[in-house]
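One chain, chain A, links the two complexes that follow: it is found with chain B in the first and with chain C in the second.
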Partner chain A sequence: MIEILSATALSSVQDLGRDGYLRYGVGTSGAMDRVALAAGNILLDNPENSAAIEIPFFPFEVRFLEDIVFALTGADAAAELDGRPVPPWWTLPARKDQVLRLNPTERGARCYLGLAGGIDVPVVLGSRSTQLRGEFGGYCGRNLRQGDVLRTVQPAERSEGSERLPAAGFGVEPPEFALPQGDPESIAQGTRTFVRVLPAAEYDCYEEASLESFWSKDWKITMQSDRYGYRLEGEALVPKHTLEQRSHGIVPGVIQVPPSGQPIIQLRDAQPSGGYPKIGTVIEADLWRLGQAELCTQLRFVQTTYDEAVSALDTVRDYLNKVRRLAGLYRLSRR
Partner chain B sequence: MTNTIQSDQAPRISLLGTTGLLFEPPGAMDLHTQRRIWWLARQVEAWPCIKEAVPGMSNLMLVFSAPPRKLDSLEADLLAAWSRAEELHLEGRTVELPVIYGGEYGPHIADVVAHTGLTIEEIVRIHTEPLYTVFALGSHPGYCYLGGMDPRIATPRRKVPVRGLPGGAVSIGGSQTGVSASAGPSGWNTIGHTAMSFFDPQRTPPTLLAPGDMIRFRSERIIK
Partner chain C sequence: MELNEIQQLVAWLEASGMRSLELNRPGECLRLKVPGSNPARVADPDGVSGRSTPAAAGAKPVALAEAAGIFLAAHPMRNAPFVKIGDTVRKNDVVGLLKTGLIYAPVTAPIEGVVSKIVATNGAMIGFGSPVLELDPGSAG
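Then we have the complex of A and B:
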């Protein structure tokens, strides 16, 4: 059990997302950085789809109401457990009454706090993820507030996990270093995120000059960006003629272009359908990079092919397998 | 896979990254096409690489359970299935929705007036006349896309989506109309408001309405 101590807004309970209800108008929700969520669960020896807390604003504080193993993945939030630093991408046992504080991030946008066993909120329509628009799933269908107390699944198995964990815990290499994308300087500074994009249905309907700036110019992630979508700002994209689409299904990553010409990337809380023209889709294997791109930083779109995009998913899977092997080794060494 | 606009005869197939694809057959956005889309959805959702087949307005989105290594055979199967698609007749029920049009309940009705050149009364009369068929669900939990709107009141979507519209908003987007099931952002023009619960996650199915059901809007009041 943990208690939320801070009043920082917009933290929510998320798992990998809600599948199979798009036809009822229910979007996927789920972690903005699903790689971080899955890796955190692997560190904890949880099923990959267990629910954790997604934290986008800092500082953020929780109190542990019992001895429990936790994991931090995603953004580097310069965490402190009772004032002692906790490295990013790390799992560690906490004692009852200890306080975990996450500070404003040094790198990345969202931190994931996972607990051994996974956070126990009711499974609604197949998922524990928060469906904000529908006000269900997650913790009471809403974002977390000060004073909320969260329980974990399978409390009986927890002590065993903590015995098998080195006292100082252990960590893994974050994917932004293991799977770099873009030029090293931008990666080091964290001011520009490169994501790979596949052209979508209306790609060819844009002026040549617009397509060129789409691939070669920076796109600023504006303050009006959240889990629903990132509203970008750059050189307006101009269609060759007026486009009005019939409503159709869309998925997280789709880059829509409203008549203003300023694109919007639809994300985890986005509507599962829409009618604005689509210039491209950020590939699934790079959505976690978007989830860690901070407000007011720049985005670059890198053109890719379907084959490369499918292989990129394998690369992410390989990374998670590596995390799993490493976590297994740490646990073995304690037996 | 090509992204060019194909001839009017051939359905268009386009990628949604590696997550899925969009199938857009040519032809009118009418009930005949939609019934064939419903038929196609039922066929395709049983295919091995498909997680979900989601009908849109005379189109179909396929979401992959795992992205196929090669798309050619899936595209060919899809085209073949469409060529033999029949009209699936879904027997639905009819729901009447009382609507307050205009004023604070329909903040964008003036934009529809400006675009169409019609008066508010004319717009309401034209909007309440047809028996609309639920073509598909989407947008947000419980939201219904309706077929059958009179093209005289068609009004383009807004240049910038509006945030925080209330649930029950009756709106027009392009040549379509619909009712929002909960509060949220929208790029459509809100012309009125109705009070009805369209979604309950504890119910099976969770939605009040399903494709094939019918809606009639009744003008309860017009605020000018």
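Then we have the complex of A and C:
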């Protein structure tokens, strides 16, 4: 059980998302960085789809109302437990009344705070994710506020992970290093994000020069970017002729081009339909990279193929399987 | 226990400088021995075979590697190291990491004190029980 102490806006309860309801007009929601959410749950010995708190703005503070193991993944928020530093991508037991503080991020955009046993909010349409547009799911269908108290699905004392955890905790290698994408300097400094993109239905409707710059130039992630989508800024994309379309179904990752020529990437809280032409789609295996791309940093699109997009999902799966196996062994070796 | 888990344990055992490992779980007992290991190594104070190393390193309290792995002075997400010479640390503060595969194990301070020397080299493979850094308990505060 934890109590939210800080009132910083836009933190929400999320799991891997609400799949299967796009046809009814219900968006997927779910963590912007699903790899971080799943890895946090693995560190806690939770099912991978357990709910955690997604935190995009800092500082953020919670008080533990019981002894419980927690995990931090995603952005490095220079966390402190009662003033003692906690490394990023780490799991650690907390004692009753200790306060966890997350500071403004040094790297990455969203931090995930998970608890052993998983955060308990009602399952709505198969998910615990907050559906902000529909105001349901998550904690009362809204972002978290000061004073909110969150419980866990499994009582803390019965969660198996806590018995086996060394007091100083342990961590795992973040996927940005285990599954690097882009040039070494961008990876080391975290200043430019590379995501793989499949050309989409209206790709061929753009001028050659526009397609050339789409792949070769930086795109700035503007301040008008959030869980709904990222608005990008760069060299305007010019269509060969005026494109008009009826609204049609879209999924997270779709890159639309409104008449301004400045693209929008639709993300987890996007509407399930839209009418702008689609130049490409960020592949599912790279959506977590977008989730950690900070405002005002640069984005680069890398052209890929359907086969590569599918095998990239297997690579992410392999990483998570390996983390689960090694984390289990590590706990065992520390007993 | 899965075969690939045993393979991982063998790899860790070999990397650690330890000679044997015994693991007991309900209904399971696993005993691993490194072939050809020489029992005389146990008595070798300069080896990495046991926790006899702190005595060899001198009187100063030493933070020891409690696992084998690649020593990381800083988390890869950060430029700054966990500690520098002259930093005050509290007991159980994380002062470095040991990376084995995807796992980052903590190296912790055994007591409160001031970091007087960093022994382990960043990026180097170190064995179980190796000294990582030295602390000066007197000047803490």
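FYI, the second predicted complex is superposed on the first by the 328 of 335 C-alpha atoms of A that agree within 3 Å, B and C clash if a C-alpha of one lies under 4 Å from a C-alpha of the other, contacts with A are read in each partner's own complex, and residues count from 1 in each chain.
Heads up, the rule we're going with is that contacts are C-beta pairs under 8 Å (C-beta built on N, C-alpha and C of every residue); 3 or more make two chains touch, one makes a residue touch a chain.
Bear in mind the structure is a predicted one, so any value in this text is a computation, not a measurement.
When both complexes are overlaid on chain A, chain B and chain C end up sitting side by side without clashing. In the superposed model, A:His248 lies in contact with chain B only, and not with chain C. Using the contact criterion defined above for the overlaid structures, shared-chain residue A:Pro87 touches chain C, although it does not reach chain B. Of the two partner chains placed by the overlay, only chain C lies in contact with A:Ala168; chain B stays clear of it. More residues of chain A are touched by B (comparison of chain B with chain C).
When the shared chain is aligned, chain B comes close enough to touch A:Val124, but chain C does not. When the two complexes are overlaid on their common chain A, residue A:Asp76 makes contact with chain C while staying clear of chain B. In the superposition on chain A, A:Tyr306 makes contact with chain B only, not with chain C.
In the superposed pair of complexes, A:Leu329 makes contact with chain C only, with no contact to chain B. Between chain B and chain C the least C-alpha distance in the superposed model amounts to 26 Å. Within chain A, not a single residue is touched by chain B in the first complex and by chain C in the second. Of all residues in chain A, those touching chain B in their complex are 19-27, 124-125, 131, 133-137, 198-201, 203-205, 228, 244, 246-254, 258-260, 271-276, 278, 281-285, 306, 309-310, 313. For chain A in complex with chain C, the residues that touch the partner chain are 76, 84-85, 87-90, 106-108, 166-174, 177-178, 190, 319, 322-323, 325-330, 332-333. Across the complex, chain B meets chain A through its residues 1, 3-5, 12, 14-20, 22, 24, 29, 41, 51-61, 63, 67, 69, 71, 136-143, 145, 156-157, 159-161, 173-174, 176, 181-185, 187, 199, 201, 205-207.
Interface residues of chain C facing chain A in the complex, by the touch rule stated above, are 4-5, 8-9, 12, 23, 25, 67, 75-78, 82, 90, 92-94, 97, 99-106, 108.
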